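The next part holds the structures, each set out as structure tokens.
You will see chain A twice below: alongside chain B first, and alongside chain C after that.
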Partner chain A sequence: MSDTLHIAISNEAASVTVLQLTGPLDANTQKDLEEKANEVIDGGAKHIVLEMSKVSYMGSAGLRAIHAITKKLGDDSDNAIKSDDLKIASPSDEVRKIFKTLGFDTYIDILDDLDSAIASF
Partner chain B sequence: MLLKVRAGLSELEKIREFVASAANTMAVDEKLVGDLKLVVDEAATNIINHGYQGKPGDIEIEMRASGADLIITLRDHAPVFDPTSHQVPLPKSPAEEEKPGGFGLHLIRNIADEMKHRVSIDGGNELSLIKYNAITL
Partner chain C sequence: MENAPEQLIRQAATIGIEISLPSGQTLFHKGDFGDSMYVILNGRIRVHDGDLSLNILSPGHVIGEIASLGSLKRTASITAEDDATLFEINCKTLFSTLANEEGFTKSIVSMLCSREKSMATKVTDRSMRVRTLERELEIGREIQSHFLPDTLPVIPDWNLSAYFHAAHEVAGDFYDAFEIKSINRIGLVVGDVCDKGVGAALFMTLFRSLIRATALSMDFNNWSTAPDASYGRRRENQVPRNRVDECLLDSIQSTNNYIAQTHGGTSMFASVFFAIIDPYTGNLSYINAGHEEPVIFGKQQIKQRLETTGPVVGIFPGARHEIASTKLDHGDSLLIFTDGITEAVSESGEQYSESRLMDTLASYCGTADSLLDNIIQSLNNFTKGARQFDDNTILAIHRNLTH
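Then we have the complex of A and B:
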């Protein structure tokens, strides 16, 4: 298995940028996701969907990266109850379980498919 | 089954593959393999980031059976740290870890049935994570 995280960027709707992730999202690849997200946010992205159906593994480092992205998007999450600018699409059951165990499922919308995630903004 | 790696984040994939492969060889319940990869990855990440703090080092991971129980032991030579003595409540807001590595420890405690730490004879850390009835007999 590859130990790199591949990130494909597409603009699926006028104001929604989709980052499709392929590979492991761990402490080794956390910075790759944060850097790529920073680039698109600096380029003007306001709403981001992380499409996670091809994420082979995610640990707590993935949630740290996701939190960093929500902060960068302007949802200052230290006090925010919910992030409105970042949505998660189609995670595997294992990945979904990590969100739930660490309480992130109440903080970020997790949608079953990409279209619903794009339509949810 | 034993794996020795240098303490680097780029070794995490190899560590997870070792856990999956050893679990398969040891007839561990396949439904547990994802959780076991997670706990070992989180424990190793904490050793690399918070134990060695980026300095060179080594990590040894051993998986063995004790009856139907699985014992996973991680050994390192970072400064002594006993994660079992630290309270890590889940932060009120999921956004902030109150202590570095707290999310990882929370996941480990959520999955492992027992967690034991001791200082080894040579002064290193020995962390054992135990999962009851993990071996299918």
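Then we have the complex of A and C:
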């Protein structure tokens, strides 16, 4: 199993940037995701979809990175509401279970496929 | 790499050949054999081990002399940072020259000696720095241990036991158990701060302290008048349930909101299970904030898993947590643990897993102390000393069969 996270960037719709992740999202790769997301946000991205079908493992460090991206996108109001600017697409059952157990599914939309994630903004 | 004296370069010029190394090109890799050493004439040269850069060398430096003179493997890789020109000296040519040229031999020996001296100084400096850091971590570990309870509450008809084993010097896990005299109850907490190392350890102290301080705020406010807990003797439970709920909710929510608002920028969070038990009735109310599901078992069977009732603590301001209730009958035990237990790996990389833990529990009946011994033994038999990646924490409470 590879221990690096590959991140492919594409603009699937006018205002949506898709980061397709391949590999583990853990303490070793957390910074890679944050840095790549910061780059696209600094480059003007307003809406981001994380396509996670090829994420082999997600640890709590991965969730930190995802939270940091929502903050960077500006979802930092004082009340916990769903992120308008970041969506998760097609995670594996295991990854989806982690989102659910840690309660992230209440604050971030998790969609079954990329198209519905892009259409959900 | 030592800067070669001018005399050495001048002498080397008579026995070597000039080669060019375009920017980005690697001259040799770590582990290669090679019988040439090089003097940099132009450009900058990067010394590296894979992706890790060790040094950038400028003209005048000698490289590759350890492997070539000592017939050893290359100790690092060498790649041109800019278009560079090097002077290559083959060691066979060199040794035959050394035999005849006393001055050249002296230059080489003196270069190697001064290089060894500078390496020795670096090694000493580094070991001193490492020792200072180790001492600091040891102090950190010692101080952090005081953020775990020194002793567990002693309650008639109940038995409490805890196991805590950090993967590193400092930990991100924590557990707590305390009497809440203002409501005549026992509070049990297990938490797991995301991430590892010193950052997680700092937040562990914050989470633990905020939860405990909020849960005990009524006790602190009425220091002199707090009723003495008299669990076994009290026939009627005078404390309304909403005060128990209030204590659970206040502790989790104010901790959540404080950390989310004050430290939100760090995206640090913890999964927390917080239960309040009435030792007289066995009633148990809890909030499970994104934590591994604790388990109630008794009569050699798993009775219930305590599912999450809200998100993790510390990153979602205003997050809502529900309170759930259940009961521990006589003979029942509650086991609260962190994922370090279920995700502990054997030498072959297999995880201990929930199912192994559940099997161990289902085949067991007895006190919390011996239960923990059983689990630890089963876990150690499985991991057989394989490297521990995450902190291991278990808190167990058992209600005696007879009363």
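The rule we apply is simple: the second predicted complex is superposed on the first by the 119 of 121 C-alpha atoms of A that agree within 3 Å, B and C clash if a C-alpha of one lies under 4 Å from a C-alpha of the other, contacts with A are read in each partner's own complex, and residues count from 1 in each chain.
The rule is simple: a contact is a pair of C-beta atoms (placed from the backbone, for glycine too) under 8 Å apart; a residue touches a chain by one contact, two chains touch by 3 or more.
Just so it is clear, the structure is predicted and the values come from calculations on it, not from any experiment.
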item: Superposition on chain A - do chain B and chain C clash or fit; value: clash
item: Chain B versus chain C as contact partner of A:D3, first or second or both or neither; value: first
item: Chain B versus chain C as contact partner of A:D26, first or second or both or neither; value: first
item: First, second, both or neither for A:A68, with chain B first and chain C second; value: second
item: Greater chain A contact set [chain C / chain B]; value: B
item: Touching partner for A:E35 - first (chain B), second (chain C), both, neither; value: neither
item: First (chain B), second (chain C), both or neither touched by A:Y57; value: first
item: Chain B versus chain C as contact partner of A:D115, first or second or both or neither; value: neither
item: Partner chain(s) touched by A:E94 [first = chain B, second = chain C, both, neither]; value: first
item: Offending stretch of chain C which, after superposing on A, collides with chain B (from 165-173, 219-227 or 363-371); value: 165-173
item: Doubly contacted chain A residues - partners chain C and chain B; value: 27, 60-61, 63-64, 67, 77-80, 101-104, 106-107
item: Chain A residues touching chain B - in the complex, by the definition given at the top; value: 1-3, 24, 26-28, 57, 59-61, 63-64, 67, 70, 77-80, 94, 98, 101-104, 106-107
item: Partner chain C, residues of chain A touching it in the complex; value: 27, 60-61, 63-65, 67-68, 71, 76-80, 101-104, 106-107
item: Chain C residues touching chain A - in the complex, by the definition given at the top; value: 192, 194-196, 261, 264-265, 267-269, 271, 289-290, 292, 308, 310-312, 315-320
item: Contacting residues of chain B [partner chain A, same complex]; value: 9-10, 12-14, 16-17, 34, 37-38, 41-42, 45, 48-49, 90-91, 93-97, 103-104, 106-107, 110
